[in-house]
Amino acid sequence: MAGKAIFCEKPIDLDINKVDECRDAIKGTSVPIQIGFNRRFDSSHSKLQQANINNEIGKLEMLIITSRDPEPPGLDYLKAAGGFFRDTTIHDFDLARFILGDDPIIQVSAFGSQLISEDVKKVNDHDTAMFILKSKSGVLIHINNSRRAVYGYDQRVEIFGSKGMMISNNQTPTSVQKFSEKNTESKDPIHYFFIERYEQAYRDQFNDFVDTIKNHSNPSVSFEDGRNALILANAAYESYNSGKVIDISYD
Amino acid sequence: MAGKAIFCEKPIDLDINKVDECRDAIKGTSVPIQIGFNRRFDSSHSKLQQANINNEIGKLEMLIITSRDPEPPGLDYLKAAGGFFRDTTIHDFDLARFILGDDPIIQVSAFGSQLISEDVKKVNDHDTAMFILKSKSGVLIHINNSRRAVYGYDQRVEIFGSKGMMISNNQTPTSVQKFSEKNTESKDPIHYFFIERYEQAYRDQFNDFVDTIKNHSNPSVSFEDGRNALILANAAYESYNSGKVIDISYD
Amino acid sequence: MAGKAIFCEKPIDLDINKVDECRDAIKGTSVPIQIGFNRRFDSSHSKLQQANINNEIGKLEMLIITSRDPEPPGLDYLKAAGGFFRDTTIHDFDLARFILGDDPIIQVSAFGSQLISEDVKKVNDHDTAMFILKSKSGVLIHINNSRRAVYGYDQRVEIFGSKGMMISNNQTPTSVQKFSEKNTESKDPIHYFFIERYEQAYRDQFNDFVDTIKNHSNPSVSFEDGRNALILANAAYESYNSGKVIDISYD
Amino acid sequence: MAGKAIFCEKPIDLDINKVDECRDAIKGTSVPIQIGFNRRFDSSHSKLQQANINNEIGKLEMLIITSRDPEPPGLDYLKAAGGFFRDTTIHDFDLARFILGDDPIIQVSAFGSQLISEDVKKVNDHDTAMFILKSKSGVLIHINNSRRAVYGYDQRVEIFGSKGMMISNNQTPTSVQKFSEKNTESKDPIHYFFIERYEQAYRDQFNDFVDTIKNHSNPSVSFEDGRNALILANAAYESYNSGKVIDISYD
């Protein structure tokens, strides 16, 4: 190994065995590695994570993540993507792990449908999916995903606990409201896709990575974070295929 | 006089002299009279009035009333209405007096335009108007009126003070939001006109009037309230005609 | 049978066998029966159902129902309630069936936790629950329930389809916003519980029932609706107990 | 003159005579000058200006600007600032001119109060002010200003016309909503002051100025814009002192 700092886009690999080979290879080295889970760096989402740490909503009881793309990718992308759960939901699995902190996810149940894209059918993938996960402490987590939200990139997170609820809502380019002659109040469309929605998060993530290198500190998104999200995606497929709730093993 | 309780729609009369004749006639009688200023009974508007009394926003410094009808009335109505300030703004003058409580309005400046309706031009009236008023304690009050808001009956009140701001916003029939394929978030149109918007206020006002009669209590909207709102409307016309700020006399 | 019109609170019975006995007993009679699923009569929720019928959001792909009570009931209530899924979620199962129209629910997966109430633990019930259901056409449905939302009675419904999304949001008593000296914008608390939130729905449901009797028309919420919701609740328990996705049989 | 491009903070000068001397001095030169009216570069405010140009709300009939600082400046600043109307409202006069386009403001009426700051009283200035202006075409414009809004830097613009209304609303750092145990929905505080609120506008304005120099194009905010805003501020003082509506002369 060249000893260079590594910034690795998610997923580390689609195959957990190859991920584990990497894991062995880097064991004992001090090379900083950061996994590209950009949503952790979004100021609204991370405000929820901080609120949970700081007990602002009391004991966490439910976590709900809505994550929908504006339009499905093409056939070539779909062939290489490794399946909807590993390509898309993996971001939400990581976001759930981020917010839960040290309360690990222990169970998952997964549902998928083919409702939107002919290309998705061709590769026998899903374009619509829902998940329930359970943490060790009993927190229930719901995730829903779609390959097509005609109104834009729908990215919402909700935490619910013994002392209240917080929602990280969608965002619009401007703060303009319009009340039109059709008697309707309307706002800006929400951001179109991840480039617009997470622009600042990408910047902040990159700065964080640079700080990690400069300060020889631990990466804020570790190799294990990347591996654990893939384990959840794999367990979700196992649930989908078996019709069963799957107990997660991170070993 | 028959001694019957009187519920009088605003304005008492368009002519202050006739109002003063009525005033003399009822002096000394114990007949309950309520003036039809229905907006005082709206739960959102009256929440602002209560907040001011209870010092929730500290010392009141500004009051802003937006009041716009969905469409202009016909020529016959306009001919009999006594002018935009006396027909429409009189409601807002009363609402301002209601919220200000015992801090009387002492000055007014009025602007009017003919921008919307040919019928309004025929009777040499206004369809668009703006006002600034000043109270004895220095509170500045803005009112704006239009005969036509294509998006519905626009009824908003804002109070601003040393400890904060409160807004009584427009209301919609349902709580449904729509995010459409045109990439826009929209809500219900706001209520169409006063019948829909102030339905509950009308009921509450009527119940209040019945209570007044049953309990022999003082009317919550008095004859003097009706007279004072007309005095403000007349002063507004004086300001418009002279291009001057008018000092109000309630004698 | 006395031939009197029947208004039956949900659930018809906690035991599907007793429900089927009733079903046999009323077979062939013309007695109007309405089941007390009041949420169908809420103007915001039913606007979503109408939108789905009228293809306003295109092909329905996801349905998400959030339904949380303000505080848990006491031990006596819990002992008689028949379990969280049959006592509470049954309303949401019915609302899902109402919105889906003639697209039947064919699968369910259920999760429950004991996080809130000691009394709930005593009767070995749940106070926190999540569900995923699937319809015949592939629509994915999520429901989440809690016995305690400290901010009030949280009742939200979201439909998502090929042409857009609609949300039936929570409602507040007034339309007042406050911007306080603590630098925060706040609104009214949402309604406290079902009496406040569904007051108009209860009125409308009662009027609908009276119309049914007067017009000899079919009830808008039928005995079969009550039975089918119970079947879903029972299947949810079967899923929870077995850790499996359950295929629904309505026979 | 050195021939260097000039970026001039508002106001050009507090004294119109000195401004006119500058005007004479630069007459005939080709030095690019931009006046620091940063709000023109805010994407939400400028969206309203574009909407007006593009006839999105039809014929403009009303324009309402709310502009309130979070807290009053100190005595030294107040002594040098040239009065509330020239120091603060001048931004709003310019924003009004920007949105109105080629429809000049022809009248102004001004009100001021001393309600907030002892320092303001010492220099015999205002801390609370309201204005009505009228354009040549009859558009009515309202501006309100305060030296202290405890909830943050309140910057709202509303345009109202024959086909609808648009509002440029306040903005918050994140899109998080909180529903707390005190039964209240709340949002982030709005931005604290101009540095935060107009950060992007300042960047965009600077880039625009650089483009002006590179492309030898006309400045988007001209010397005349700076001079005209001062003329409006001076007329506002004349109105305040005389209690009269003042007709504006730009000569």
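Labels A, B, C and D are assigned to the chains in the order they are written; within every chain, residues are numbered from 1.
We take it that a contact is a pair of C-beta atoms (placed from the backbone, for glycine too) under 8 Å apart; a residue touches a chain by one contact, two chains touch by 3 or more.
Remember, predicted model here, so these are calculated numbers, not experimental data.
The most distant chain from chain A is B, comparing centres defined as mean Cα coordinates. At the chain C-chain D interface, residue numbers used by both copies make up over half of all numbers present, so the two copies contact each other through mostly the same positions. Work out the mean CA point of chain B and of chain D, and you get 30 Å between them.
Spacing of chain C relative to chain D, judged by their CA centroids, is 52 angstrom. Separating the centre of chain A from that of chain D, both taken as means of CA atoms, is a distance of 43 Å.
Along chain B, residues 149-151, 154, 163-165, 179-181 each make contact with two or more other chains. Touching chain B in their complex are the following residues of chain D: 59, 61-62, 64, 66, 68, 107, 109, 111, 113-116, 128-132, 134, 138-142, 144, 146, 148-151, 154, 160, 162-165, 243-245.
Within the complex, the chain B residues that touch chain C are 43-44, 47-48, 51, 56, 58, 163-171, 173-181. Residues 149-152, 154, 172, 179-190, 192 of chain A are the ones touching chain B in the complex.
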